[in-house]
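Handing you a structure now.
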Amino acid sequence: MVDVSGKGVTVRTARAQARVRVGPGVRRAIDEATLGKGDAFATAQIAGIMAAKQTGALIPLAHPLPLAHVDVRFAWQDDETLVVEASARTSAQTGVEMEAMVAVSIAALTLYDMLKAIDKGIVIEHVRLLEKTGGKSGHWIAPA
Amino acid sequence: MVDVSGKGVTVRTARAQARVRVGPGVRRAIDEATLGKGDAFATAQIAGIMAAKQTGALIPLAHPLPLAHVDVRFAWQDDETLVVEASARTSAQTGVEMEAMVAVSIAALTLYDMLKAIDKGIVIEHVRLLEKTGGKSGHWIAPA
Amino acid sequence: MVDVSGKGVTVRTARAQARVRVGPGVRRAIDEATLGKGDAFATAQIAGIMAAKQTGALIPLAHPLPLAHVDVRFAWQDDETLVVEASARTSAQTGVEMEAMVAVSIAALTLYDMLKAIDKGIVIEHVRLLEKTGGKSGHWIAPA
Amino acid sequence: MVDVSGKGVTVRTARAQARVRVGPGVRRAIDEATLGKGDAFATAQIAGIMAAKQTGALIPLAHPLPLAHVDVRFAWQDDETLVVEASARTSAQTGVEMEAMVAVSIAALTLYDMLKAIDKGIVIEHVRLLEKTGGKSGHWIAPA
Amino acid sequence: MVDVSGKGVTVRTARAQARVRVGPGVRRAIDEATLGKGDAFATAQIAGIMAAKQTGALIPLAHPLPLAHVDVRFAWQDDETLVVEASARTSAQTGVEMEAMVAVSIAALTLYDMLKAIDKGIVIEHVRLLEKTGGKSGHWIAPA
Amino acid sequence: MVDVSGKGVTVRTARAQARVRVGPGVRRAIDEATLGKGDAFATAQIAGIMAAKQTGALIPLAHPLPLAHVDVRFAWQDDETLVVEASARTSAQTGVEMEAMVAVSIAALTLYDMLKAIDKGIVIEHVRLLEKTGGKSGHWIAPA
């Protein structure tokens, strides 16, 4: 989504990451779009963005909040490790850690759904928060 | 949910697992219910069950299907490793791998949400399918 | 919804009721459509029908099921007592008691929402199951 | 949910209540957790909280709003009368009466769902607003 | 919904329109309520209003926002042309064009659903934005 | 979604179409992906598919049903006319006309959302059913 956080307003941001470990041949299937299910990354990106907007409905004690921005990106770390990263931003009174965590999780699960016919053994590893800014607890960065 | 899969009907089942790696002190906070947010496991269990029923709405290319049964369970592997396991069952024409995967993921994210005030560095490790039965691809068990 | 339960198939039905106790003047406001919010009964009926279809998403342990039919009706018992009644039907493997109960509850709450500017003290009394048919537990009728 | 209403900001609050009349034996089944469905109160509490966040989607003319806080509590008035109470709070421009009313209704319906195998004749009595504060119509308390 | 946009706050508004082209006899069926499905306009109006509130969930890159007001109206342009018009308003940071466009579209689709037993060839023509105010791009009016 | 309609089972299908009339320059913006919002067609396709699965929640009197298949495709009729077509299939007891109509409508609205910064005057023309098969009313084809 286009960023609509107002200038001069306190914003809160969060970034989260998932690593998806795939077997041999999966990367080629994605690159060659031989999945028969369209562009896997575009689909997973949209799924992650839409799920982030449903965070308040999915996580029982999370506050529903108006997201100013959310995005999901993909990059290959190596031929068998795909990195999914999401960023979220709001001007609301509560943090957006959960929105970023939900976005990477659902994006990774969507990839799993499209790839499971090739490899059911794909593992979603290391779903975690990378960084957050704003709010009472201030700036937080994940330990290396 | 109570199991309503009809007898004599072909059923499909799936089991999935997530491992949640927590820092020291988190297990005690859960055990002593010092979270100030009620029973963490009960909340995460309900969140996982409810999300499983929304799988068709969350995963773009997943088929919506009537779940006959879904459940989520928790067990400590050691003091810093919590295992979340979900099982799902249906009599419908498509597999329930995604329902089980969504259930463990949202249950684990719900725990993260309730624990992040104590430890933002909690990592959801190893979200993966353990087993599936029924359907054209038959019985599948995750490699050890 | 038009009834699509197949002939010859085992169907399950349920009827539920809510009684809404209103203060003086409320009945006239509804009859004269002086609410400024359109037809209160049409709105409440639609709300009840739509909520019944969301029963599996609202009630954690309820099974999502394809409703073959659901409807909501209203009748004045006396000038200060409005009766809301819902009926539901399915060919699925589980009962539809909850669908009927959710339908009357949300229909009654929708009326409360439209009437609360006139009378915040309106009470929704006696939400209860009237009757169910089909299923393992057979025919059940509420005691008089 | 943790309360995030900003200090110094005008807040609106509401409290609602439902009374659930159960037959003999039901209280013991809940206390002894012999339901086979986990902790009934924890499940009903989560259901009520999650439904409150969906109020704008359930009640046609209700405004969607960011809830700052919502909670649901249970207490036995006597052996056959369970009291469900919900409180809600927001900093938004509209009242939260409907959020509190939806929370108690769905919490009570969730209890009914878990108890109906024991007693289908359970009645949800007296769903009503107890109190509201803030907003143009000011402080309102239900007549005794 | 009752308008709750605060006075003195910058508001954004939008109006959208759909034209529904029906065959002979359809207008009479609506006027005489011979549809067997209740009041078609009331049902379509509620559907449009409720869908507008779900815009952020339906349109992937649309921002979820708290609507201050939304309404849907109907008028016959001639015996075979029904005009559906929606207006939306918010005090949020983003425009409400999509909310108005979604409202007229779902209202028109709801009419199609209720009328398709009479005439499957009904066409929804000319779904378009009529006007928007507020926001960075200022006032915009559709060309005649 | 992959087609899961069972062989030998009566299936119902539907195809619907929308025509989107765009101004000069819009086609190039889509082709060159200069929208700054990713692949417009992939996003609109996913939005249409996901909305089709929500048809029962959006259209008040539509039956919720398990879709066996739904897809959305795009083609330029000429430089200013984009054709959106959706197909849907089910083995359930009711038709899927509404699923196909919702899919094309939400896909077209999603394109409008991504293109409105370039051209607010885009018109969604001619949302209509092209064909349906199966069911009591049999095969129906739109008149030319």
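Each chain gets a letter, A, B, C, D, E and F, in the order it is written, and its residues are counted from 1.
Note that in this section a residue touches a chain if its C-beta (ideal position, glycine included) is under 8 Å from a C-beta of that chain, and two chains touch if they have at least 3 such contacts.
It should be emphasised that the depicted structure is a prediction, and the values quoted were computed from it without experimental measurement.
Novice: If we look at chain A and chain E, which chains touch each of them?
Specialist: Touching chain A and chain E alike, sorted by label: D, F.
Novice: With residue numbering as the guide, point to the option in A-E, B-D or C-D that repeats A-F in over half of the contact pairs.
Specialist: B-D
Novice: Going by the touch criterion at the top, tell me which pair is linked by more C-beta contacts: E-F or C-F.
Specialist: More C-beta contacts join the chains of E-F.
Novice: Same or different interface residues for chain C and chain E, judged by whether over half of the residue numbers are used by both?
Specialist: same
Novice: Rounded to a whole Å, what is the gap between the Cα centroids of chain A and chain D?
Specialist: 33
Novice: Indicate the whole-number Å distance between the mean C-alpha point of chain D and the mean C-alpha point of chain F.
Specialist: Using C-alpha averages as centres, the distance is 40 Å.
Novice: What residues in chain E touch two or more of the other chains?
Specialist: 2, 37, 43, 46-47, 50, 54, 60-62, 66
Novice: If each protein chain is taken as a node and each touching pair as an edge, is the resulting graph a line, ring, star, complete or other?
Specialist: other
Novice: Can you work out from the touch definition every pair of chains that touches here?
Specialist: Between chains, contact exists in these pairs: A-B, A-D, A-E, A-F, B-C, B-D, B-F, C-D, C-E, C-F, D-E, E-F.
Novice: Which stretch or stretches of chain B touch chain F in the complex?
Specialist: So the residues of chain B in touch with chain F come to 56-57, 60-66, 92-94.
Novice: Which bits of chain A are touching chain B when the two form their complex?
Specialist: Chain A reaches chain B through residues 37, 43, 46-47, 51, 54, 58-62, 97-98, 101-102, 105-106, 108-110, 112-114, 116, 120-129, 132, 140, 142-143.
Novice: Taking the complex as given, what residues does chain C use to touch chain F?
Specialist: 1-2, 4-6, 46, 49-50, 53-54, 66-68, 91
Novice: What residues of chain A sit close enough to touch chain F in their complex?
Specialist: Touching chain F: residues 2, 36-39, 42-43, 45-47, 50 of chain A.
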